[in-house]
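These are the structures, in structure tokens.
In the two complexes below, subunit A is the common chain; its partner is subunit B in one and subunit C in the other.
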Partner chain A sequence: MNWTLVSRHLTRYSVGLAIGGVVISILLVAQGENLGRFVNVVLASSFVSTDAVLNLARWTAPLILSSLAFLIGARAGIFNTGVEGQIIVGACVAAIVGSSMQLPAIVLLPITTAAGAAAGMLWAYPAAWLFRRYRVNEVVTTLMLNYIAVLLCNLVVRVFFLAKSSEGHESITVTSRPIAESAAYPVFVGSSSASWTVLATVLVFIAGAIALLSTRWGDEVTAIGGSRKFASYAGIDARGVQFRVFLLSGAIGGLVGAFEVQGILHQFIDGSLTNFGWNGILGGLLAMNHPVGIAASSLFLGMIQNSQLAIQQFTTVSPYMVQLIAPLFILIFAIDPVKKAIQTIRGRNDN
Partner chain B sequence: MTIEIAAIAGSILFVLIAGLQSATPLVLAAVGGAFSAQVNVFNLALEGMMIAGAFAGFAVSNLTGNALLGMLAGAGGGMLVSAIFAIATVYFKTDEIVVGIVINLVMLALTGVLLSTLFNASGQFVSTTAGTLPKMWNTFDVLMPLAFVVVIWAHWFLYRSRTGLRMRAVGGNPAATTAAGVSVNGYRYRALLIGGVLAGVGGAYLPLSGLSMFTVGMTAGAGFIAVSAVLFGDGKPLLVGLAALIFGIMGATAIPIQQFKLPSEYALVLPYLVTIIAVSVKGIRDAKRRGEELLT
Partner chain C sequence: MSLADESLIGGGGFGGPSPVSPGAAAVILEGLRKSYGSVHAVRSASLSLQAGQVTAIVGENGAGKSTLVKMLAGVEAPDGGTISVHGKKVQFRSARDAAISGIGMVFQETALVPQLTVWENVSLGWETSSRIRGIDKHAIVDRLSAITKEYGLFVPAERQVGALPVSMQQQVEILKVLYRDAEVIILDEPTGVLTPQETEGLFKAIRVLRDAGKAVIFISHKLNEVLEISDIIYVMRAGEVVASATPGQLAPRDLAQLMLGNDLPIVERVKPEAGLPTVLEVSDLVCSKFGSAEKVIGPINLRLSAGSVLGVAGVAGSGQDEFIATLTGLRPAVSGRIAFQGKHSVVIEPGPAQSRSVRALRGAGMAYVPSDRGSVATLATRPLWVSAIAGRQRNPRFDWHGFVRKRKAREFAREIIRDGQVKAHSVESLPSSLSGGNLQKFIVARELADNPQLLVVEEPTRGIDVGSAIGIRQRFRDLASSGCAVVVISSDLDELMEVADQIVVFFDGAIVAEMDRNDATVESVGAAMTGLARMGGA
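On to the complex of A and B.
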């Protein structure tokens, strides 16, 4: 254990929390609320009862997976900003597959999940291919694919799979027909929203962390992320590995979408998955590129997500506050003022 | 027959004007991004600068009833965000992509929070007091020609003026520039701040050019399309401006396409699709020109 590094990281997180906390409290006061009460509401909505804890798990699970999707790419030197779109396409395809077949659960459940993951992978494919073959900037291509994903999924669902009420009315938000009961993961307990997808998520996460940290493949990925050139000199097929990691990242994104549809939503609803991918990127950044860090960063972000309803009910603050807190902390964390301060002091001593 | 021709000419003119209207903010923001590209900073935060400019411009013109004052406020809003971006990337040397993305997320949420705090509205707010931009011949508002002027000014500035040439030196070879006694970071700050001002004005144009309405997330990727225009034009203002103009006009083809009773998504997807194709074609051409061995 490198204790200087650990304390350095701890300082970095604490300073991020402290400065972010000051900015947040100013914003809270402006909205007629105070930090203590706000934090109370946030904590209570995640820890006050068994159901609250299960709801926390419900919100943490997709964050773990979408953080993993981003992080696997980032470890290999790919900045996949398209997790958002990959999740939406995965959800859309899972909803379509799950609603158009009547098969026993043992068949339909895995088929639907696999379809979602495959769709996410397919959505990452153009960007991955352009990156592999011509090194076209993956940030821009995946960003554009996000917007296209939203429009395309809405179009497909509205034209072919739109849900209708029993009187034949169509809903205002674009909503697909519900999936078959045999395509849905059942919930743990009746009153919470956590389903068996949480367990599946944990398994995928553990597998991903082990693959990244203690397999030959993981070492190759890390080497490429460190320096593609050196990895190539060492005989690693850097472009090939990067390409496959890019696709894997997309597939994990698609898996998030499939799990959301099969475990929670039971249909594709326009806008219901907005920011899932972006939050995953935040989770990956906060974990400082380390798979194990994802568990902690996802819990932190999941807690904020989980308090959304309670914040609307019990406080006077804007609903957008929930979306603001995480990136604000992470902005300060990423800037890392402590590092600069240390460098400045050291520089002065050297002279 | 003559009536048909007149109708077609009328709709072409209509698309052209609508195209200019949707291209103006893109051109302004993209030229702003060109300044960052010239000092070799990848400025993904344009989206955040635009939404900040949009909110500041909307809020001030709602308060004063003067859309031009709103534009000024938009410039200020964009500059403020670019100052944060510049301090983070230049002084603290944080990763440009990370800061860009996180700033965008912060600004999108922050404008939402401010909208509910200051206007007591959730999601969107229509202003009845915000003024409109002065128009020439009742069709072109003042910012459309201004965008053209800005493109040409930026070209002159970066290729002819002392400051601009130094900025390009900073982008091309920072070590040599330092050796020549030029403050590298100083020129980086200046270029990024100019970029913020332009992106902010472009953003402020969004709520003030038409409905006097602010919607959370109303930039809808305009900043990212501007980033693509910068990549496509290699940071050269004339090319970047042209690319942004084309991307913007693509957005306006939505209007005639809707007459064919096609779903609106077909038209809405066009700017993103054209952008991704343009950036890819450009990337492929560059790769071929480099003649890089394609295996490593």
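On to the complex of A and C.
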């Protein structure tokens, strides 16, 4: 463990959080809100009861995974802005597979999940291939694939898999047929929406963190992200590893979609997955590229999402304000003067 | 020398050469100080610059030369001390301030806009313009040609800078300084990028400037150049000016001793035994040029036996870099083959899969010290121990079923630091926190750790002080005497003469000369580098 580095990061976080807290407080007070009550509402919605905690877990889990999807790419020097699209395609395919087959849970559950992950991977494939072969900027390709993902999934669901009411009327919104019961992960307790996908998410996250931090593969990925030339010099197949990491990033994105469908939604609903991918990028950036940081940043973002409804109900704060919080923190963490100020405060001088 | 001598130089005004009384101090620096955090880059430096003289400043890396002249040029603000120009104390807030006071600096890396023409570059920021007609090109070009004529520089005003050779670009930099009426011209390591012939050309220009009454500051690592061109030499050590001397009194070794503060060892060489087996055989190797699939390098034919050192010379961009990238497995060959007889034999033939070539070559005992220490040889963003196992990450010593054996890696990093006498805080330090010389020692020690059969080294001592440089060269010679074959690519011809047994010269994508060390001279190698002498039937 490099304690100097750890303490440096901690300082940076605390200073960033303090600045962010002050800015948000100013914004809240300007809207005429009582700070104490606001904090109370936010904390209560996530921590006041077992259900509240489970709801927090429900919102944190997909953020952990989508942050991991982004972060694995980012560690290898790939800025995958397509997590959003990969989630949607994963959800769509999981909904289709889960609703098209009648099999026992032991078979259908993993097949549906795997189909979602595979779909996410496939959706990342064109961008990954172009990146590997021609070094086409991945930000552009993945971003554009997001739009195609939304529209294509809507089209496919509307034409082939549209939900029908019991009277046989087709749904007016783009909503797919519900998945088989044997394809759904059960919830922990009936009063909360947290399902067994939360546990699966934790396992995937731990595996990912260990892989990134302790394995040769993880070191190779980080080396490529740090300097491709260094990686090649050390005999690492930089292009190949990047390509596979790109696909893995897509697969994890697809997994988020599959888990959402299998654990919560039980069908594909247009618009219900909006911003999951973007929040994952926020989470990854807030975590400053460190896997362990994901747990913290996802909890933070999850808490905000979880309290959104309560904030609208019990405070005078505009719902847009809530969405502002996370990007605001990113901005603060990204600002160089803050970094520099912290460095000066610490009197850092390695040279 | 008297620092009190503050008489003004002749009141001839700026621009043209004015008759100057010798001994008049144009600029006096007194007690200048600068620290970065806890590091005292310059402690207390005092010196005076005479008009019509070339003043050299020498010193090891980190002795404070660059910081000192940067303060003079207004690039860095001093923490204390004074600068007086013509007896008047000045304070520069920017390089522009300094330029207005007649002090101009030619930087190590040229700061030109390649897309613009010479006259545009020279006048950038100092344009003669009027509100109605915009930039007055005629006035600028006229003034430029007056300056070039006066100082005997030959720079075409209308040419695009990016299309000019490096030596010409440097002249544009000098022109830029002259255009701003500089009386003090600072040249920071100007010969690093030049061939011997081009260096001669630069010296001619410097002499003209000197004779025209300019005060020239010359900073260089190359001591024989310093002795050739300067009128007075200041030696800096640990942020202080420790000695001054005139060239007549000194030999390069004396100067080096002054810089180091102790005796300078010489590289000892043992002549390689004859009849040792061939380690490396390159036959009809053709590789493609960087950034272009059509242009090719080669065909290259080489044979290197164990225990000998091959020096590779060439002006930047002559094909030696592509050759090395192919030799080390980083770039696929177009045709031909490379056969390496190390711990086992490896043959590199055209095809993709570079990472496999790199691993195969390393596995057979090839070691490689690249010229880019910060982003190729080490990983700047991770602790030193990560860079320590670079290329060895699959070695069972550091790999346990796919998991990194971090404790072993740290242990190994400590071994390297100890064996290479690297000054590093700990194995957790970032490579960027090491000085250039220490980082290179670290890289060399790492590459030599497994007793390589073939060592490829690029620019082993670029930017490294004399003391460490000799230590590094000595390691290569020692390695050769223990039977390793060494390939050294260097733009420093003196270095090649010091370590190599044979020298090959690249020019325009081919080997144009191949000579034995004993037959080669700096002049003959230099001539081959510029294509003046094609030898070996090319």
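As a convention for this text, the second predicted complex is superposed on the first by the 327 of 351 C-alpha atoms of A that agree within 3 Å, B and C clash if a C-alpha of one lies under 4 Å from a C-alpha of the other, contacts with A are read in each partner's own complex, and residues count from 1 in each chain.
Note that a contact is a pair of C-beta atoms (placed from the backbone, for glycine too) under 8 Å apart; a residue touches a chain by one contact, two chains touch by 3 or more.
Everything numeric here is computed off the predicted structure, so don't read it as measured data.
*Asks:* Contacts for A:P327 in the overlay, against subunit B (first) and subunit C (second): which applies, first, second, both or neither?
*Replies:* first
*Asks:* Would you mind checking which one, subunit B or subunit C, touches more residues on subunit A?
*Replies:* B
*Asks:* For A:A238, decide between first (touching subunit B), second (touching subunit C), both and neither.
*Replies:* In the superposed model, A:A238 contacts both subunit B and subunit C.
*Asks:* After the superposition on A, what does A:L143 contact: first (subunit B), second (subunit C), both or neither?
*Replies:* A:L143 contacts subunit B only, not subunit C.
*Asks:* With the two structures laid over each other on chain A, which partner does A:P186 touch: subunit B (first), subunit C (second), both, or neither?
*Replies:* Neither: A:P186 stays clear of subunit B and subunit C.
*Asks:* Give one of first, second, both or neither to describe whether A:G36 is in contact with subunit B, with subunit C, with both, or with none.
*Replies:* A:G36 contacts neither subunit B nor subunit C.
*Asks:* Let me test your reading of the model: by the given contact rule, A:G271 touches which partner, first (subunit B), second (subunit C), both or neither?
*Replies:* neither
*Asks:* Report, in rising order, the residues of subunit A that make contact with subunit B in one complex and with subunit C in the other.
*Replies:* Comparing the two interfaces on subunit A, one with subunit B and one with subunit C, the shared residues are 229, 232, 238.
*Asks:* Name, in rising order, each residue of subunit A that touches subunit B in their complex.
*Replies:* 27, 30-31, 79, 81, 126, 130, 133-137, 139-141, 143-148, 151-152, 154-155, 158-159, 228-229, 232, 238-239, 278, 281-282, 285, 317-321, 323-324, 327-328, 330-331, 334-337, 339-340
*Asks:* Which residues of subunit C touch subunit A in their complex?
*Replies:* Answer in residue numbers: 36-39, 329-330, 353-356, 358-359, 362, 368, 370, 372, 375-383, 386-387, 390-391, 393-394, 399, 402-404, 406, 425, 428-430, 432-433, 435.
*Asks:* Which positions of subunit B touch subunit A when the two form their complex?
*Replies:* 44, 88, 91-95, 97-99, 101-103, 105-106, 108-110, 112-113, 115-117, 122, 216, 220-221, 224-225, 227-228, 231, 263, 265-266, 268-269, 272-273, 275-276, 279-280, 283-284, 286-287, 292, 294-296
*Asks:* Under the touch definition given earlier, write down the residues of subunit A that touch subunit C in their complex.
*Replies:* It comes out as residues 2, 4-5, 214-220, 222-223, 226-227, 229-230, 232-238, 240, 347-351.
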